[in-house]
Amino acid sequence: MIQTFTRQRIDILVDAPLCEWLTEQAVAAGILHHSILPVESGHGRAGAWRDEGFGTVPKRMFLALTNEAKVGALLDRIAPDIERYGLVVAIQDVRVMRGERF
Amino acid sequence: MAAFETLLSPVILFFVLGALAAAARSDLSVPEPLAKSLSLYLMAAIGLKGGVQVAEAGFTPQLLQVSAAGMALSFALPLLAFALLRGFAKLDRLNAGAVAAHYGSVSIVTFVTVSDALTRSNMAPAGFMVAVMALMETPAVITGLLLARGQGAVAGGSRTKLMREVLLNGSVVLLLGAFLIGLAIGKARFEPISPVFVTGFTGLLCLFLLDMGLIAMRRLRESRALSWRMAALGVILPLLNGAIGLAVAALLGLDPGTGAALAMLAASASYIAVPAAVRLALPDADPGIYLSMSLAVTFPFNILIGIPLLIQLAPLVLS
Amino acid sequence: MAAFETLLSPVILFFVLGALAAAARSDLSVPEPLAKSLSLYLMAAIGLKGGVQVAEAGFTPQLLQVSAAGMALSFALPLLAFALLRGFAKLDRLNAGAVAAHYGSVSIVTFVTVSDALTRSNMAPAGFMVAVMALMETPAVITGLLLARGQGAVAGGSRTKLMREVLLNGSVVLLLGAFLIGLAIGKARFEPISPVFVTGFTGLLCLFLLDMGLIAMRRLRESRALSWRMAALGVILPLLNGAIGLAVAALLGLDPGTGAALAMLAASASYIAVPAAVRLALPDADPGIYLSMSLAVTFPFNILIGIPLLIQLAPLVLS
Amino acid sequence: MIQTFTRQRIDILVDAPLCEWLTEQAVAAGILHHSILPVESGHGRAGAWRDEGFGTVPKRMFLALTNEAKVGALLDRIAPDIERYGLVVAIQDVRVMRGERF
Amino acid sequence: MIQTFTRQRIDILVDAPLCEWLTEQAVAAGILHHSILPVESGHGRAGAWRDEGFGTVPKRMFLALTNEAKVGALLDRIAPDIERYGLVVAIQDVRVMRGERF
Amino acid sequence: MAAFETLLSPVILFFVLGALAAAARSDLSVPEPLAKSLSLYLMAAIGLKGGVQVAEAGFTPQLLQVSAAGMALSFALPLLAFALLRGFAKLDRLNAGAVAAHYGSVSIVTFVTVSDALTRSNMAPAGFMVAVMALMETPAVITGLLLARGQGAVAGGSRTKLMREVLLNGSVVLLLGAFLIGLAIGKARFEPISPVFVTGFTGLLCLFLLDMGLIAMRRLRESRALSWRMAALGVILPLLNGAIGLAVAALLGLDPGTGAALAMLAASASYIAVPAAVRLALPDADPGIYLSMSLAVTFPFNILIGIPLLIQLAPLVLS
């Protein structure tokens, strides 16, 4: 069976206008690769929202597979802003192929 | 009579239909890419038309005067809004600054709707008003940030990003770009594209306002953050700002159409470009407040009451 | 001849192109937001046109008669469908009720296509038929649910949600809303928006039918759930329902265009609004069955055979 | 390093028309916050589908970060309907910031 | 409490034109059910990309819940192509309902 | 003069606006579904128009001659490109073959833009050129693959998939399908849909080229893979291929408009259909190279320099 490596997956729900800021933080933390998925709607403390083009600040889902050290570095960088930017962060262990890439 | 006429235009009726559908919790909805596409189209269309008109009419000193006045309004109007938001609506400094930025800036859709209505009442505003609108979009953001945070407002790193967001904002670039294209091509070369950008305009505006009705009403329904004092300011501010705009128009000796357009730019509040910039610059401010006030209160008020009112008043005030 | 003419219209040919492309497994596809946008556009356009026509022609008692007849058909046609689905296609009660709801309701796209074809054959249906169509969309859902589940059909909590889905369904709201707007504005105020909603109509309908051809054929290819008996009913039901509709039209003394439109409403089956409602109310029913029958069999049958047939028959049956 | 908490992530693939029902169940189970992601296409027992606007019942991805008790409450509520609504449910442990929020 | 089973979740970031190939591999490995989520933009070795309709090869997110054996079979099938197709693969344990389905 | 005229057309100016906005890092962007919808629309429109024109003009032996010549060009031009990519730009065999496939194929947007410009200069190309374009899209892919990999190029299993992708590619199907529809309906039945497909054409093309300007410039900014030698070939290849195309046109005795269109088909490089096919068939090739060369260098070069040049040259070369 093909060899796998344990790395981490970090998912961050982030406001679309703050996406660029977040990816810059990720790069600064050494996370050079990521993907952004669309989010259609949601429900939070501020009530329900739906991306209808106008009238809300829509969310995106930032997703990166990387190693523990870099996840730690990213968390340290964004820690002071998590609350005020309303970031929702989830970290999990994953198994990946091509371990050297992450 | 003229006011009533305006309310019976299909453009306004589609807005009302959208609002009623959302109020009744219908699942009617406009796909988000269509909404964005229509707004691009409307900006390209009014930019082009404005440019072509200026190409016809030639440059006048008035163009510069009104541009300067518009930018001054955009810089200054947030001060009044800030004072009322602090004093009357009891908002904290941060949120008051954020909201003030929106009221100093402009709503493109409101401008488009008032232009359409004015044109149908034979008071078409001057072509250069599109450029004035583009110039008014962003100064208010600067005032709003200073009010919210004071001088050291934005950290060095994000300042360039913010300036880019503010100055090279998609809508400013498209409006001014299309305006310049209109200026460059003039009337003859505009002919082949006028079926799309002129003939199709009012019909497509109907579809867009259907969506705005849905969105504004849904936001009103969802807006927990809105106190009655804020809601009241959502009506008072456009009246005050509109009156100031009308006064400036009278001082400048503008014709009724152009003056009414300037007044409506003053009266309107941004809910597309400014929220994105403010989310970036003032992340601690509550989007629920500024979006609800500008989109769910002021925008419908301007469409349903402000425009008809202005169409009555402008010819009286501006000889 | 007239039938052949209909088949050579660009609208139908684009449908055929889409169907052939999907059959050949081409990767041609229409972005989903465009499909949704075009369907909103078509509904707004036919609603408006119908309303403007009624504003011109005035209200007639016929309007009420045909509305009543249409709603009666929508309530009653599922009974016939249910009997055949149970007896001939051997469907269980649940799925038979679900499918029956679709056949009692209407297909907006089929209506739009038949109207376009009738108008080109100088048999334009009366403007109020749009309102009749909107009224026919939902009664069938109620009959279908009762057939599928009996009286205690839907649990208390979801009943309100279902009623909302059924009565305030986006397409019903938009069709009736645009109809009322057309009624309110009348012909003169419709002028500025008619380039979008009238002049552009047939061309945009082509693009929409291209997509419908793709979608219908892809569904046919994917539809494992479809037995030959169900497929046969997908052809028999529109013939039966259409004949009933034509008979009702003759009883009411309708003109050929209006009568043909009513017959086609009876003959057509919903595949947009009703599937969403049925998925909610009858989650155990198999969407593969009702979507495949209505969209992959009945819809193409009506477009390619039903409409030409009707255009031949209607002038004969309805004096 | 910034403190993290172990919570749960629940992903549910759900038919678009049933999305509202699902979020109501989540609220009833105490899960007040969620996000909905679009799903483009898929393959299941009923064959392949693709969201082309018409002709299919498209899916959405419901996603919530919350605690074990609330996930349990939600599962209990939806258990009787999982089969007939065709829900696809996946639960994982995740590490989150701001543990009190979830 | 309702019974859950441990299965695996496999996420694969894949170029849109290769999506059909990937789902065929999944079927050949016995994974008959999957979902495809849209991806909006990203950053990789080849720089940043954004799905603007033209000018990039956009990505999709393939997602399947299945069992360990089938995940292994799929990995074996795609192993020789992971590098040249630029697949990004992540595997995690998840808890699911209706264990017999996966 | 004529060249300058072309550059002042709104279509080109919107392209420039998009490119400048992207260069300045504005956040202006066109929703992806709108871009895809506009490209579908443009293909349907030019297909239809071409078909209707051929229905008017009748079939001529020229149609077959030019089709054969076009397909020969598509097969052969990758050879020249391959030689230069290997020799001058030092690309490895794989990437050279991949890029060569793009330069043998065609850019639909470039064709549409040159047709528009030629028509405005009273040199409308023959209607059948649309069909020629569709026929030229795919032969180059076969040559490119053979060059990249030699005979055993593609494994058995994926060969059918690749053939399907290449032959039943959405754009080929839509172009040829719409062409056949145009042929079948002729001028009279085209009337009702011509407001959408003819009158609206140039305006919608503006919006599409705005987006292409944004996309091309963003790709140029992101393209790390591009050496100056590759960039130089992005300019040299269209000049060479265009000259070859013009020579073939002269040999065939084509009129200036038709000949210029053939030359531009030769000069242009695909960046929509071929990249998808090549990603499938040559996954090891670097998309950064072929997308950047065709989209970020050759496409803008053809739009801004190639088309004006051709409009000057064609009347001279092709009597």
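Going in written order, the chains are labelled A, B, C, D, E and F, and every chain counts its residues from 1.
Keep this in mind: contacts are C-beta pairs under 8 Å (C-beta built on N, C-alpha and C of every residue); 3 or more make two chains touch, one makes a residue touch a chain.
Just so you know, these numbers come straight off a predicted model, no measurement behind them.
Q: Go through the assembly and pull out the chains touching chain B as well as chain E.
A: In this structure, the chains that contact chain E and also chain B are A, F.
Q: Just curious, how far off is chain B from chain A if you go by their C-alpha centres, in Å?
A: Their C-alpha centroids are separated by 34 Å.
Q: Find the geometric centre of each of chain B and chain C from their Cα atoms only, then give the gap between the two centres in Å, rounded to an integer.
A: 40
Q: Distance between chain D and chain E based on Cα centroids, please, to the nearest Å.
A: Centre-to-centre distance between chain D and chain E: 19 Å.
Q: Quick check: what residues of chain F touch more than one other chain, meaning two or more?
A: Touching at least two other chains: 29-34, 36, 165, 195, 200.
Q: What residues in chain E touch two or more of the other chains?
A: 37-38, 92 - these are the residues of chain E that touch more than one other chain.
Q: Could you list each pair of chains that touch, in label order?
A: Pairwise, the chains that meet the contact rule are A-B, A-D, A-E, B-C, B-F, C-D, C-F, D-E, E-F.
Q: Considering the complex alone, what residue numbers of chain B touch chain F?
A: Spelled out, the residues of chain B in touch with chain F are 31-33, 36-37, 40-41, 44, 48, 164-165, 168-170, 173-174, 177-178, 181, 184-185, 189-190, 192-197, 200.
Q: Over in the complex, which chain F residues touch chain E? Could you list them?
A: 29-30, 32-36, 39, 158, 161, 165, 211-212, 214-216, 218-219, 222-225, 271-272, 275-277, 279-280, 283-284, 286-288, 291, 295
Q: Of all residues in chain A, which touch chain E in the complex?
A: Of all residues in chain A, those touching chain E are 1-2, 4, 9, 23, 27, 32-38, 60, 65, 92-98.
Q: Chain E touches which residues of chain D in the complex?
A: Its residues touching chain E are 13, 37-45, 59, 61, 72, 75-76, 79, 82-83, 87-92.
Q: Spell out the residues on chain C that touch chain F in their complex, using ranges where they run on.
A: Going through chain C, the ones touching chain F are 8-10, 13-14, 17, 20-21, 24-34, 120, 195, 199-200, 202-204, 206-207, 210.
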